[in-house]
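Below are two complexes that have chain A in common, paired first with chain B and then with chain C.
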Partner chain A sequence: MTTLNGTRERRISKRDRSLGSRRLFASLGAALTLACAILAAASLLAILGYVVVQGIGAINWSFLTQLPAPVGVTGGGVGNGLLGMAIIIGIATAMAVPVGLLTGIYLALFGRGAIPEALRFLSDVLSGVPSIAIGLFAYAILVAPLKHFSGISASFAFMMLMLPLLVRTSEQAIRSVPQTVREGALALGMSNFRATMQIVIPTAMPAIITALLLAIARVTGETAPLLFTAFGSQFWETNPNNPMAVLALQVFNYAISPYPNWQAQAWGGALLLIVAVFILSLGARLMLRRAMRGLEA
Partner chain B sequence: MTAEPQFRRLVHFVSPADRGFATVVYAGSILFALLIIALFIMLVLGSWPSIVKFGPSFIWKSEWDPITSKFGALPMIYGTVATSFIAIALAAFVGIMAAVFLADFAPRWFATPLSFLIELLAAVPSVVYGLWGLFVLAPFVRTAIGPALQHVFGWLPIFAGPIYGVGLLTGGIILALMIVPTVTAISRDVIAAIPRDLREASASLGTTKWETATRVVLPAARVGIFGACVLALGRALGETIAVTMVIGNRPEISASLFAPSYTLASVIANEFTEATSSIYISALIELGLILFVVSMVVNALARLMIWSVRGSRA
Partner chain C sequence: MSVAPATGELLAANDLSAYYGELKAVGNVSIAFRRKAVTALIGPSGCGKTTLLRCFNRLHELSFDAFVEGSALLDGEDIYASGVDPMAIRRRIGMVFQRPNPFPTLSILDNTMAYRAHGLNRAQRLERAEHALRAAALWDEVKDKLKSSPLRLSGGQQQRLCIARAVAAQPEVLLMDEPTASLDPIATAVIEELMASLAERFTIVAVTHNMQQAARVSDVSAFMLADESGTGRLIEVDDTAKLFTKPADSRTEDYITGRFG
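Here is the complex of A and B:
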């Protein structure tokens, strides 16, 4: 590609002399971009449609509420995987929110200088680290020393995956609260602590919740770090100190199994994952709209 | 600690609660920084036995044999690079053109829901792509795409040999589908950030919309769009589950794109829980360390390029 310079302009006048041909080119070009946009959206929609068609038959009440059946026995479900997913994500959220929010507050209030810049850089680095490497970290810090797999180690990995999004979005959300709002609170005699906790953060809350929902959506379908943290379980496991079943992991294990019965369940599980992720993303989108309106008002 | 002057003054003036508040905020940030530093340190510590035993030749040795405890990362590095480049080669053009459409051609009532749809698709879990790849794409490559390519280009070594369905090409195609939304979403933001003045100046010279888009807007946005592609490449390099399900899992380097292969991420996913000896586990963690360092470099580059166009760090 070249910038707007002499050679480029000469070429324009040589190649496209008539206005008619230039207009034709413009229409063809527009059609090409439209075709690419439709190709991108349609190929992905085709995948989703296929998952829905294959998965819908597997989903029923017992699929949602029962334990996995042994090989050769029909029926069974992913109930323990759903439970495990909820527990692991719940603990991950409880750990990620304080750290992420405090770091976001720090970056928003003390945002200049070398140390905050370094923190932002670290946060961006973390957001690009492959989830499997984060899984290895959780293994090294919580599984290897204790010598057993556990739900809590999976929560730790999920927390690491959620943090960068929470940190950077809460920073922006707090920054976008007008300075006058904070100054108004201080002028009324509030301490900085109270002004932040009672005025600034509540104003920024819809945007922070948006970020939280997106972070949860990100880890809901995450499978790679679970392989050697949560590991999987055949039981109703509620103690996060033990290995736990997780829906995404069950989908993976069923998919690569040689049994048609399990493969059918993998499609059902995949459909559940997509529905969960989409609901979270839509919720985030609605929240964001509310956040925008709140800031305008 | 460099603070904004007004805030620091207030912290000192107002109340003990403020000092406590500042301390808690510092503590949270320090914990965050420590976690990331610990991530790097734990990966280095975990791979230390392997680093000591195999040295730098770990990177260019191509033998991967757990039974004799001989480990070399080259086949996985090759598989990772090859699948990622297939992916970006397939995804870049479509993704960028779709971004041009969304930013400059589509009417607003059409662009908004389409952008939202594409962003939603970026959130589809990896394991879902893997499932579809294993049961739909792999058979399709075996029976249709593969034979067709071999029929036309069979004389090229990259399209020679038996077609298994699973392999480098299938892995690359799955990755391409997964990164198209990334390329499109970021390129669209970058294109939208190009000042209106440029477009208006171009239009005032009598250019068509297409000429403005391809000769003014895209050249102005090229660094940022390149950054979007590099960021997508970074995603592709580290993508694990979907690739693991369709790559074929064989630690060999073959010229053919139809041959089963392995990537850094998928060998960890497949073998880590089965690894018995400590040197085996250590070698796998070293693969994770390589992946970590490479994706860090790629991401840093991508972000610098995107910022240089878009200005803000949003």
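Here is the complex of A and C:
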């Protein structure tokens, strides 16, 4: 009896020790991951905070609505850059959405075989091409032959940046619609086309809009492709066939200038860009939440 | 291939085999389903019950590499004959799936009337929907929220909505693929009661894993079993009362007495 009790006590105390060390490791692990998370969040907050502190002073109504002031004149704004950004991204979206969405539908519905696989591969490659290379490509086929910079060439470059995102995410969104929903539509005697258009795509729509917002956010901060496409302008340029002002480009030009008031405006512009991306990302998250709700069934 | 004489039944299979590529999932099934009765397809998992069911509304062919040999007859006409439009077949043969699959973006009303309803004005549309929802024993629970999302309904309510959706299209046959598989016992009891009342209007073929359910709801039972090569075979068809008490085949007896499956 005593020996039996003795061994049991020994075994329990041994288990206690290993339990203790496991608890120690678990809390160490938790502390480590928490520290990393705080580091990541802190660096993000530091960037945000720094840009806000530096940029908030430059932002006022005239900054948002006026043309840039010449060197030496105080005041002035980035109104034309905001307008140009809206026009260029608008045209890019109008071009990218039909092509991207239809390609995504094609891949989701007829996604087997060599051609769809090749499309997916090309799309992945395209998404990895540096944006400056895409800007050069736009320069080569739209700027150089026409012998002038233009907003439309910038839209073309942005479209190329948005396309792979839209193609792959809309394919994923449509694929994530449960097969039973599609079959339910077909089982009612709907045509394949009608089932896709009226049931499957509407179900996938919140996820597709999420992807679109993220794609827009992605190009909102792009500067490199604009250098030799949109080029920049001092005027209220609304004709996309001419060189256009774009906010990101103005931030770049002001930031590398030697004038303190321009540098202050660069911070203001940077803050505007971050706010725009923040709003787009927030919108994307909200849409995604809706999408998840819709797909629970 | 021998052609069996016309059965006079609404729905039948004649030497029907279903394949997924190389795999023959259902082999040489011949069966005629009794009109306005519930026929239960029973058998262990992987015996081809669901595949057989999906042959009757031509959903089977949607799977990759899937095809069918032999024939399935609706009112004596082969639904696999060339020139037959699967959409026309699916309007005459409705289906209820294993998991409730309401269309997430449509309201309860629009779900019910999701089939192509030509030339109905709003009042007629509502009347038709009410009729279908009443037939599915759901009307009282949803009549005040016809415009709201079906996703707010419980699982059992969603499944009854799917039944209403199938009923609204006014089919002749209802295929039910384990319609209570994802439901709790109370919701299951509601659906089972519903099946009995629907059998007054429709010819029902229901797949079920649950032998008590087959015994409770069906008039006729068909027992299927996969052979060594994984091909589902029809072993025996008989009145449910007889099949469960005096099965003709020893394999049926083994299954219903719980010796396997």
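Just so it is clear, the second predicted complex is superposed on the first by the 260 of 297 C-alpha atoms of A that agree within 3 Å, B and C clash if a C-alpha of one lies under 4 Å from a C-alpha of the other, contacts with A are read in each partner's own complex, and residues count from 1 in each chain.
What we mean here is this: a contact is a pair of C-beta atoms (placed from the backbone, for glycine too) under 8 Å apart; a residue touches a chain by one contact, two chains touch by 3 or more.
The model shown is predicted, which means the values in this text are computed figures rather than measured ones.
Undergrad: Pick one for A:Ile56: touches chain B only (first), chain C only (second), both, or neither.
TA: After superposing on A, A:Ile56 lies clear of both chain B and chain C.
Undergrad: In the overlay, answer first, second, both or neither for which of chain B and chain C A:Ile141 touches.
TA: So A:Ile141 only meets chain B here.
Undergrad: Where does A:Leu64 make contact in the superposed view: on chain B (first), on chain C (second), on both, or on neither?
TA: In the superposition, A:Leu64 touches no partner, neither chain B nor chain C.
Undergrad: Is A:Met205 contacted by the first partner chain B, the second partner chain C, both or neither?
TA: The second partner, chain C, only.
Undergrad: Chain A residues in contact: does chain B have more, or chain C?
TA: Partner with more touched residues of chain A: B.
Undergrad: Examine A:Ser191 and indicate which partner it touches, taking first as chain B and second as chain C; both and neither are also allowed.
TA: A:Ser191: touches chain B and chain C.
Undergrad: Looking at the overlay, does A:Tyr106 come into contact with chain B only (first), chain C only (second), both, or neither?
TA: first
Undergrad: Overlap of the chain B and chain C footprints on chain A, residue-wise?
TA: The overlap between the chain B and chain C interfaces on chain A comprises residues 112, 186, 191.
Undergrad: Show me the residue ranges of chain A that touch chain C in the complex, using the header's touch definition.
TA: 112, 178, 180-181, 183-191, 199, 202-203, 205, 293-297
Undergrad: Using the touch rule from the top, collect the residues of chain A that touch chain B in their complex.
TA: Touching chain B: residues 1-4, 8, 12, 16, 22-23, 25-30, 32-37, 39-41, 43-45, 47-48, 50-51, 98-103, 105-107, 109-116, 118-134, 136-137, 139-141, 160, 163, 167, 172, 186, 191-194, 196, 217-218, 220-224, 227-228, 231, 248, 251-252, 255-256, 263, 266-267, 270, 273-274, 277-278, 281, 285 of chain A.
Undergrad: For chain C, which residues are in contact with chain A within the complex?
TA: Its residues touching chain A are 57, 59, 62, 64, 87-91, 94-95, 97-106, 114-116, 150-151, 158, 162, 165-166, 169.
Undergrad: What does chain B use to touch chain A in their complex?
TA: 1-4, 7, 10-11, 14-15, 17-18, 20-21, 24-29, 31-33, 35-39, 42-43, 45-46, 93-95, 97-98, 100-102, 105-106, 114, 116-121, 123-132, 134-136, 177, 180-181, 184, 208-211, 213-216, 218-220, 222, 231, 234, 237-241, 245, 265, 268-269, 272-273, 284-285, 288-289, 291-292, 295-296, 298-300, 303, 313-314
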